[in-house]
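Working notes, structure below.
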């Protein structure tokens, strides 16, 4: 697909494009979710060590991956917005944050529900769960900073800088938490240890990840359309859109 | 595999379905929130552009709640 | 043009000298942070119980978390006064590089908040039954670690400048970034207290300091320009 | 020397002004006026480089001030609503800090003389918190006396000043223009400056 990048980096031309694409991503998300769930519940075999409880990983692991991916994508857009001063990138960063925080929360929630039958505790100070918790704080910081600043330009630039600071710190935090965890011989939630993962399990997990991606894109595109309309509400083209779409 | 067997998840029903239900619920809520945000936004914009252009400015942007 | 003759670091030195003078004339601010540190640390035995073995075990963590909170408490003051009276604006308009001016302010902040914590820590360590070697390492880690807290905290202070509820917000932004310092700092003391080497911890802590020194003032300067626009 | 090309200012959602052009050369005064909220302060902060124009560019000797950076700031002095005076420091100390920030290092004598000229003789070593509002503005203004900047940007400089201080400041601006300096000024008071060429820029019409 030969997209003219520069043409679509302007909010006015991105708006209709996002509107055309969002439903397709939504449909793709629904189909992939159904496929993933079918694979996860009916095709993938029961794990001989963990029994049926392991089926939580089909959402736990994809959600954890998404939470980290989304942060990186968000930081990328934030950096783009800061360096090239493009409004659309700032809108994208802002639209990604709530979905990223949502996936972080889901991965924590499912992690707790998985940990209880496996380790007998709702929460273990495992390196990954701890990092995930810190990631949630980073998302909340980003969202709160944006909410606290009234001037939209300052909000975009300040939170963009914060996202970059966070992106630089995430590896450092992750490494230090890992180090801390090995020193204290904490529990480690790991699938690969002991039970070799069946190919069907991996497939189901990847399909679910893809489904989450499609969902994210659909939601973020719709949210970015709202951002664009809100910020550009005084422009001519928004007036046209408003009179066309509300009819 | 019977239906009850499937839903009991080998005794882990609470954990497995608890995870999936909350995930589904949260995603559903997010979708509803986004769609509602878009609706109210278009509704407002439509009302403004029916009236004078630019009536909806200044401040935090949450006035003209007629 | 008139700049020649005045060294590159003159901006840093001038602001450092000015902030120290100001701190000297507002000495209660300095003491507040220190007392906060002492009180928070002294509360723990009352909450946990006087069992010396338990206290010795949790001492590194408590002292470090208290140092983190004490630094947090003082961050609000870092730029606010200069922001309100317009001096900060003049700093942004100075022909000297803003990052060097920021470095001066951060250095002053550390000297009036971080350094007293370092000096006070062995006394508090004694209350928790830490031994000689552990006390030494505690001071050393605080000596390397608290400047990182000031440097990283300055970024948060600059981003939240002049915002409503800035105090609560700043902790949300900054505390997650403090985690590596906490882990390596408290870890080093714990290692020595249980008879192990702390070399790796200390080098990692040193690496964090170098990293924060290189990027911190620069990022803070960028944040200040954004906040004052 | 100083040019504004097609400047646009946006504050929050509001467009304060658009398509603003002006040119200012040696010995000229730009008098910016307009009602409250018309963007006077924003324009002046833009000229300092504190605020980036939403569109357009500000040129100093033909170069964008954003790319000139520190060299531009060395040739400019900004006097805004905020005095930039510390309560705990004395007049001399305040003035010294301000001068050093601007890259100058005047002697104690020069500092005392500058403060004396502004009518603060005998008050130089008192902490600024015991001074009145007007006296604090005078402490802040005294740096104009020592400044060697070519461009003065003064936002409502007459606020809180008494009659004699206003005349003194007018004299300072007059001398500055006569030396070939440039000045940009906003004020609500009707003040005549009878030196050099005065240009007027009306905002919000």
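The letters A, B, C and D name the chains in turn, as written, and every chain counts its residues from 1.
The rule we apply is simple: a contact is a pair of C-beta atoms (placed from the backbone, for glycine too) under 8 Å apart; a residue touches a chain by one contact, two chains touch by 3 or more.
Quick caveat, the model's predicted, so the values are computed rather than measured.
Student: Quick check: more C-beta contact pairs in A-C or A-D?
Tutor: A-C
Student: Which chain is most remote from chain A in terms of Cα centres?
Tutor: D
Student: Taking each chain's centre as its mean C-alpha position, how far apart are chain B and chain C in Å?
Tutor: It comes to 42 Å between the two C-alpha centres.
Student: Taking the mean of the C-alpha atoms as each chain's centre, how many Å separate chain A from chain C?
Tutor: Taking the mean C-alpha position of each chain, the two centres sit 33 Å apart.
Student: Based only on mean CA positions, could you tell me how far chain A sits from chain D in angstrom?
Tutor: 48
Student: Roughly how far is chain A from chain B, centre to centre by C-alpha average, rounded to an integer in Å?
Tutor: Their C-alpha centroids are separated by 16 Å.
Student: For chain D, what residues touch not just one other chain but two or more?
Tutor: As it turns out, chain D has residues touching two or more other chains at 13.
Student: Which residues of chain C are in contact with two or more other chains?
Tutor: Counting only residues that touch two or more other chains, chain C contributes 229.
Student: Tell me, which residues of chain B touch at least two other chains?
Tutor: 57, 61 - these are the residues of chain B that touch more than one other chain.
Student: Please output the residues of chain B touching chain A within their complex, sorted ascending.
Tutor: 6, 9-12, 15-16, 18-20, 22-23, 26-27, 30-31, 34-35, 37-38, 41-43, 45-46, 48-50, 53-54, 56-57, 60-61
Student: Per the contact definition, I'd like the list of chain A residues that touch chain C in the complex.
Tutor: 134, 137-138, 140-141, 144-145, 148-149, 153-154, 157-158, 161-162, 165-166, 168-169, 172-173, 175-177, 179-180, 183
Student: In their complex, what parts of chain C are in touch with chain A?
Tutor: Counting only chain C, the residues touching chain A are 155, 159-160, 163-166, 169, 172-173, 175-177, 179-180, 183-184, 187, 204, 208, 215, 219, 222-223, 226-227, 229.
Student: Where on chain D does chain C make contact in their complex?
Tutor: Chain D reaches chain C through residues 48-52, 70-71, 73-74, 76, 78, 80-89, 93, 97-98, 100-105, 127, 148.
Student: Mind pulling up the chain D residues that touch chain A in the complex?
Tutor: For this pair, the touching residues of chain D are 10-13, 15.
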